[in-house]
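The structure that follows is given in the form of structure tokens.
Here the chain labels run A, B, C and D in written order, and each chain numbers its own residues starting at 1.
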Amino acid sequence: MSRTRILDTSDEAVADIQDGATVLVGGFGLAGMPFDLLEALVRQGASDLTIVSNNAGNGEVGLAALLKARRVRKVICSFPRQSDSYVFDALYRAGQIELEVVPQGNLAERIRAAGAGIGAFYCPTGVGTPLAEGKETRTIEGRHYVLEHPISGDYSLISAHRADEMGNLVYRKTARNFGPIMASAATTTIVQVSDVVATGGIDPETVVTPSIYVDRIVRVEARHHIVGGAR
Amino acid sequence: MTSPTVEHLDRGPLHMDELARLIARDIPTGSFVNLGIGQPTKIADHLTQEQGVVLHTENGMLGMGRKAEGDDIDPDLTNAGKVPVTETPGCSYFHHGDSFAMMRGGHLDVCVLGAFQVSATGDLANWHTGQPDDIPAVGGAMDLAIGAKDVYVMMTLFAKDGSAKLVDRCTMPLTGLACVSRVYTDVAVFDLGPDGVVVRQTFGITLDGLRDRLRSTGGHTVVLART
Amino acid sequence: MSRTRILDTSDEAVADIQDGATVLVGGFGLAGMPFDLLEALVRQGASDLTIVSNNAGNGEVGLAALLKARRVRKVICSFPRQSDSYVFDALYRAGQIELEVVPQGNLAERIRAAGAGIGAFYCPTGVGTPLAEGKETRTIEGRHYVLEHPISGDYSLISAHRADEMGNLVYRKTARNFGPIMASAATTTIVQVSDVVATGGIDPETVVTPSIYVDRIVRVEARHHIVGGAR
Amino acid sequence: MTSPTVEHLDRGPLHMDELARLIARDIPTGSFVNLGIGQPTKIADHLTQEQGVVLHTENGMLGMGRKAEGDDIDPDLTNAGKVPVTETPGCSYFHHGDSFAMMRGGHLDVCVLGAFQVSATGDLANWHTGQPDDIPAVGGAMDLAIGAKDVYVMMTLFAKDGSAKLVDRCTMPLTGLACVSRVYTDVAVFDLGPDGVVVRQTFGITLDGLRDRLRSTGGHTVVLART
């Protein structure tokens, strides 16, 4: 990857995302959701997208707005159902969106594996359950495992707290969630941040996502959404 | 080390808050614990300061505090149920990859989950009713089921239709195989292990009465007294 | 794991390590080497040890002192040869120590896998080389991989910069190296630190090793060794 | 896009410092680069501020600075060769698992390694002479060989005994298969790729002279001109 670019608008940042792209979208519920980038993606118009994210949208903002605009062919997630996931729920019940449910830790580890150059891994989660059906299994030292493969993206859209001008990132509290692993697993990583500081303005001991993983940064105004509950 | 089965006959079944308190008391001092969403969340209210239990939430935090209220609400700080929570001193944050590595690697001492069904051999069904119109959503349930050193289930023993939730074999889609070691219910607490299903205590029912009720729902599981 | 204990001496910290144990030892060369714990282990007397560490000791301090005292049956490492690894070199040439050479990144990922509950993983490193001989291989999406298994320890001995009283750790610069992954991969993790602060004295956003991975802590006086170069 | 092979005949072979400068100039602006221990370390001295190249060291740092001298020496801050180094603004630290994930995951643009032998198809031998009395030590060599988008080799073209180090097939133990994309030597620079071995430039020798010398060592590799 070459140097991180700092862009003026979310629209510029997502301008080249093409129809049919696989997009990893950070966030756990609304914490860490890259709202501005997702809204720009709605405006941009790319469709037939595959979205990889923990949830499938809340209310009509962020990921839910993208779903509502009918730009998403398939969602790969661990927990689509939320108290306010009515946009996804309606599309799913109408057969208008594909869903692949992945255990949350497998989703995380598969994304990490893509970023870490691991070809596949044997994972104990889900053994003997419907989510492991059709997958290769293996017993290693008496324990049962399922073979899981990496999940990579053409793009990652994530939200971080602060960047320096080189592209190093830090996050805030549990909004960190999928950001660091998704940043490592996409060809192009696009990050919205509340704050950009000069290079050297983040203590090197505390950098969570090193600049090498970050391609584009946009500073956005912080805003707070009501947090929806699960189910 | 163990004491015989205790029949608490001077009272009825436990309310869910009482059950939460009972579980809280049984969690060993200094444990690292994950409480599943739903009923198990209540256990946190009954943990004492002296117990020094550290709560893990799979969305990337160790040392999670109580539910946040008023000005303490921070949208960047939630539990696995997306409910705003607080920090405790000595807490730490990490990303999802590291959080589930912690869980899958067997570093948590106890996790407490709700359940639709638990089998006599510890199989767990708690993520999907199996109904065709139910939107599947697993979250971290399968990771929790296989991750902690001890997986406790917290549930009512009987469903609303009267059927037992402690079953010979789960009929609902499985979350994990042979993963549950203890089942806390409103009428009895069970240990599941190499000896089979052993009753630790009952509430508002005798051991024989419990056996009769379970048998009346069609179950064949042998429920043993602890001696 | 239960609560972290803060002990007064390195001798107490390593007292229960038994003959034949597998011990993961942090450090890259001398940076991050747990000198005091290793010296206590020499005094303690456990022998027939298997040591997993990046190198095989420098001069006659730390790991080299343990080797010199003839307590080590086998070393699993990536790079035994150093400008000042004469203790190891002599034992090896005399056939008095076993050596298993593992590529450095495989060593790291195998240790991580042990801590993360991964049963095995397909890794592209070393394919077609003598270090992959006899190992299972697989082609995934046109790329070749070798199947690698976890490396766990009975004990980890590591050095960190600072701990809080709960056992959370931060490191200093490149002395971080193997510390965090080794802390996750052993039954019992023992850490020497320069500094212990009250609980809450480390910003939760900057904790590198969460307390759950740490069993015992000993505060030791900081000291600096001459750094040996690789040959 | 490419220019024909350039024969630099007004001079002799390159000194290692000159070779280091040549490689430094060829590294694209803004690249993330790992320089192997030994000769490749010298390349850092020839990178310019304007190039904005960020150096990775596999012992857990991005943004490694120059060698530390005097009071700047900190035993906790070394490069992969255990030599004390310095920080640059915007650097970051991470553990070994994360450091090699960065490498193995293909995030580094260029890595430059020394070599005992490189084959015409890009196989690399650089970790073990194969001599029975040589203590094997691989370090990060195999990870570097397969990790970077482009793996460059920096070496003399001929060993002290006169044998060529660019060979038909490596006879020494391999570090990686088909991983080297460019070979920088004192007498010529080669691109290895689908077209075979293509000479970018020569130093103190003509292309025909280079072919003769390689053939005289018993090699059968076809060395092509770039057109």
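Everything that follows uses one rule, which is that a contact is a pair of C-beta atoms (placed from the backbone, for glycine too) under 8 Å apart; a residue touches a chain by one contact, two chains touch by 3 or more.
Just so it is clear, the model here is predicted, and its values are computed rather than measured.
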| item | value |
| --- | --- |
| Comparison of A-B and B-C (more C-beta pairs in contact) | A-B |
| Rounded Å distance, chain A centre to chain D centre (Cα mean) | 36 |
| Inter-chain centre distance, chain A versus chain C - centres from mean C-alpha coordinates, in Å | 33 |
| Centre-to-centre distance between chain B and chain A (centres being mean Cα positions), rounded to whole Å | 30 |
| Junction residues of chain B - those touching two or more other chains | 93-94, 100-101, 103-104, 147 |
| Chain A, residues touching no fewer than two other chains | 109, 112, 116-118, 123-124, 171-173, 205 |
| Overall pattern in which the protein chains touch one another (line/ring/star/complete/other) | other |
| Chain pairs in mutual contact under the definition given at the outset | A-B, A-C, A-D, B-C, C-D |
| Contact footprint of chain B on chain C as seen in their complex | 1-3, 112, 114-118, 164-166, 168, 184, 199-200, 204-205, 207, 210-213 |
| Complex interface listing, chain D residues touching chain A | 28-32, 52, 54, 56, 62-63, 87, 89-94, 100-109, 147 |
| Touch list for chain A against partner chain B, complex | 28-32, 54, 78-82, 89, 92-93, 99, 101-109, 111-112, 123-131, 144, 171-181, 208, 224-225, 227-231 |
| In the complex with chain C, residue positions of chain D that touch it | 37, 57-61, 73-78, 80-84, 93-97, 99-101, 103-104, 123, 128, 133, 135-143, 146-147, 173-177 |
| Residues of chain A defined as touching chain C within the complex | 109, 113, 116-124, 138, 140-141, 143, 145, 149, 170-173, 203, 205-206 |
